[in-house]
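Dropping the structures in below, format is structure tokens.
The same subunit A turns up in both complexes below, where it pairs with subunit B and then with subunit C.
Right, the complex of A and B next:
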């Protein structure tokens, strides 16, 4: 799902950094201050888990593969901005150690995978949890995947319109190639992961996690 | 009789060679444009650089769009096409320097890398690189986990020290 370095121009990557940077600063002050010290071991463990599950490729019929994001749990347990900061850290490590994504596109990838996805999932959960907590958790994970994928595809489609030399595929092609695995496989697995992981963390009754 | 022989000699010694030369010239003139439409081929082994794109799980970026940019003209693709079914793209560098290879899959995956095609004055190109040993394959995720763990451990320690500081 990550956009690699060189696929988007500064026309997109710089405004993305301009939006992401103040959000990083605000989220760090608000959610990673001294008051959050008790939650940090859980947040750190879930971030490490997200990093690991993002390296596991899930085969998709048709010869391609996809992977989970895994930070929806953080958004539901704490706040979407916590998920945003943690996913940004995961993306930074992936860019430095794996060559996945990249430094120039870090802001854009963080906004798509770390903010748009978890925020959409969090809103769905808030809306539906009064009807059924289990369904709301599953749908939060599913919607988060679709929102993140749509954001990445939209950014690449916009790049194609602005300057096709950076990304030669039109939006329709990218959208079809990204959304089919996302709707059919990645969203379902992310939904199940969100539901089971959150249920497990809540049952464990860990310090720093609200019951 | 003598006159007829002289005429025959003249035909044999002067006209025939000229006709032959004319026919040869015509053949060359006709052959030149014909040859221009002929497609020849040349086989040069060991001259191309091949790059393979694949995901961390080994899955190749098969039939993905690719572009190769020469260091002599970085703005215009030197070569455009698609990777083969195993994710390979090959090109023959005609100038030394760092060539840019961009491989773009429809789903947004891909890579944009610089490939060394030798330095100036015929310096040898860098040896093949990019493959990953099994040790590196295991160590990289561990290194990533260690970095994430270190960031959070540092934060927790910093807050604990502040709390215990007089």
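Right, the complex of A and C next:
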């Protein structure tokens, strides 16, 4: 789902870093200080789980594949900013230790997959949980995937509009290539994963996780 | 694997790598990209074959696939084939950035380079350890499932066992993460 290095010029990647950097600093001070010592192992485990499930490719019709993001659980358990930092960490680990993804687009990918997605999902969950917690959890995961995918496709569309000779793929192609798997497969699986993973963590009654 | 640099040099190389990637990402000229590619091949000649192979496997298929899709779409709506140069430049840029990344990461110890940042180091160490632990535990669980079944477990068998296995994996992983986190805290991280 994420944008690889070379697809987006510094015209977009640098402003994305400029937006992401203060958010990283704010989130780190607010959620990862000394007070977070208790929850850090759970956050680390869920981040590792998110990393592992992001490496599992789900085949979709048409010969391509998609993957889950898995940080919606962190947004629901802690805060969307925690999900933002953890997704950034997953992307950093992918870029620094496995050479996957991209380092120039880390800010942009983190904003799309770590902030736009989980924030949209978190808002949906807050809005719908009074009606049905189970439905709210599933829809939070589904909406998070659509919001993240739409943000990534939008960034690529913006790059095409800014300079078509740099990124020659038109928005119609990127939207179709990304949204079809997201709407049909990835969103549903992410919704189910969010529902089951959150139920599991709550049942496990772990130290550092609010009941 | 190539020999690793000390933490100070690793940090310098990481900063240079970041600057180089941003510089390459600003270019759309095929001649500039070819020159940069030749320079990268000269600088990172050690392990070049292996890193080229990794680039061909992980970066090129995505770019080429998307390019074919876009070319077909543009041909369909425009009636003529669009110019190929932007597509070739995109593929060359992405491949060059991949090659530089794999070559640099072969030479640096990223965890030691990030040591001056204790919180990020602790979270990284916990996460990396859990990635390893989760992979190990899932392999063991799969082998356990295989040993209990007279035939090779299919996707449905895996799905049936997934709930229980994931719960066990996550509980074990959290305990392991707490141990690592406590150990690092006691050492001043």
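The criterion applied here is as follows: the second predicted complex is superposed on the first by the 211 of 211 C-alpha atoms of A that agree within 3 Å, B and C clash if a C-alpha of one lies under 4 Å from a C-alpha of the other, contacts with A are read in each partner's own complex, and residues count from 1 in each chain.
Basically, a residue touches a chain if its C-beta (ideal position, glycine included) is under 8 Å from a C-beta of that chain, and two chains touch if they have at least 3 such contacts.
Note that the structure is a prediction, hence the values are computed from the model and not measured.
> When the two structures are superposed on subunit A, do subunit B and subunit C clash or fit side by side?
Partners clash after overlay.
> For A:200 in the superposed arrangement: first (subunit B), second (subunit C), both or neither?
A:200 contacts subunit C only, not subunit B.
> Name the contact category of A:5: first (subunit B only), second (subunit C only), both, or neither.
both
> Under the stated touch criterion, which partner chain does A:91 make contact with: subunit B (first), subunit C (second), both, or neither?
neither
> Which chain makes contact with more of the residues of subunit A, subunit B or else subunit C?
C
> If we overlay the two complexes on their shared chain A, which of subunit B and subunit C does A:48 touch? Say first, second, both or neither.
Both partners, subunit B and subunit C.
> Please work out whether A:20 is in contact with subunit B alone, subunit C alone, both, or neither, and reply first, second, both or neither.
After superposition on chain A, A:20 lies in contact with neither partner.
> Classify the contacts of A:178 with the two partner chains as first (subunit B alone), second (subunit C alone), both, or neither.
The answer is first: A:178 touches subunit B but not subunit C.
> Please work out whether A:111 is in contact with subunit B alone, subunit C alone, both, or neither, and reply first, second, both or neither.
Touch partners of A:111: none, neither subunit B nor subunit C.
> Could you look at A:40 and tell me whether it touches subunit B, subunit C, both or neither (first, second, both, neither)?
So A:40 meets both subunit B and subunit C here.
> Between subunit B (first) and subunit C (second), which, if any, makes contact with A:32: first, second, both or neither?
Both: A:32 reaches subunit B and subunit C.
> For subunit A, give the residues common to its interface with subunit B and its interface with subunit C.
The answer is residues 4-7, 32, 37, 40-41, 43-44, 47-48, 51-52, 64, 89-90, 93, 96-97, 99-100, 167-169, 173-174, 177 of subunit A.
> Give every residue of subunit C touching subunit A within the complex, in rising order.
Against subunit A, the touching part of subunit C is residues 17-18, 21-22, 24-26, 28, 54, 58-59, 62-63, 65-67, 69-70, 73-74, 82, 85-87, 89-90, 93-98, 101-102, 105, 110, 119-120, 122-124, 126-131, 133-135, 138, 163, 166-167, 170-171, 173-174, 177-178, 180-181, 185.
> If you look only at subunit B, which of its residues touch subunit A in the complex?
55-57, 59, 62, 65, 67, 102, 104-112, 140-141, 143-145, 147-149, 151-153, 155-156, 159-160, 162-163
> In the complex formed with subunit B, which residues of subunit A make contact?
Those residues of subunit A that touch subunit B are 1-7, 32, 34, 37, 40-41, 43-44, 47-48, 51-52, 55, 57, 63-65, 89-90, 93-94, 96-100, 152-153, 156, 167-169, 173-174, 176-178, 181.
> In the complex of these two chains, what residues of subunit A are touching subunit C?
Residues of subunit A touching subunit C: 4-10, 13-14, 28, 32, 37, 40-45, 47-49, 51-52, 64, 89-90, 92-93, 95-97, 99-100, 102-104, 163-170, 172-174, 177, 196-197, 200-201, 203-204, 206-207.
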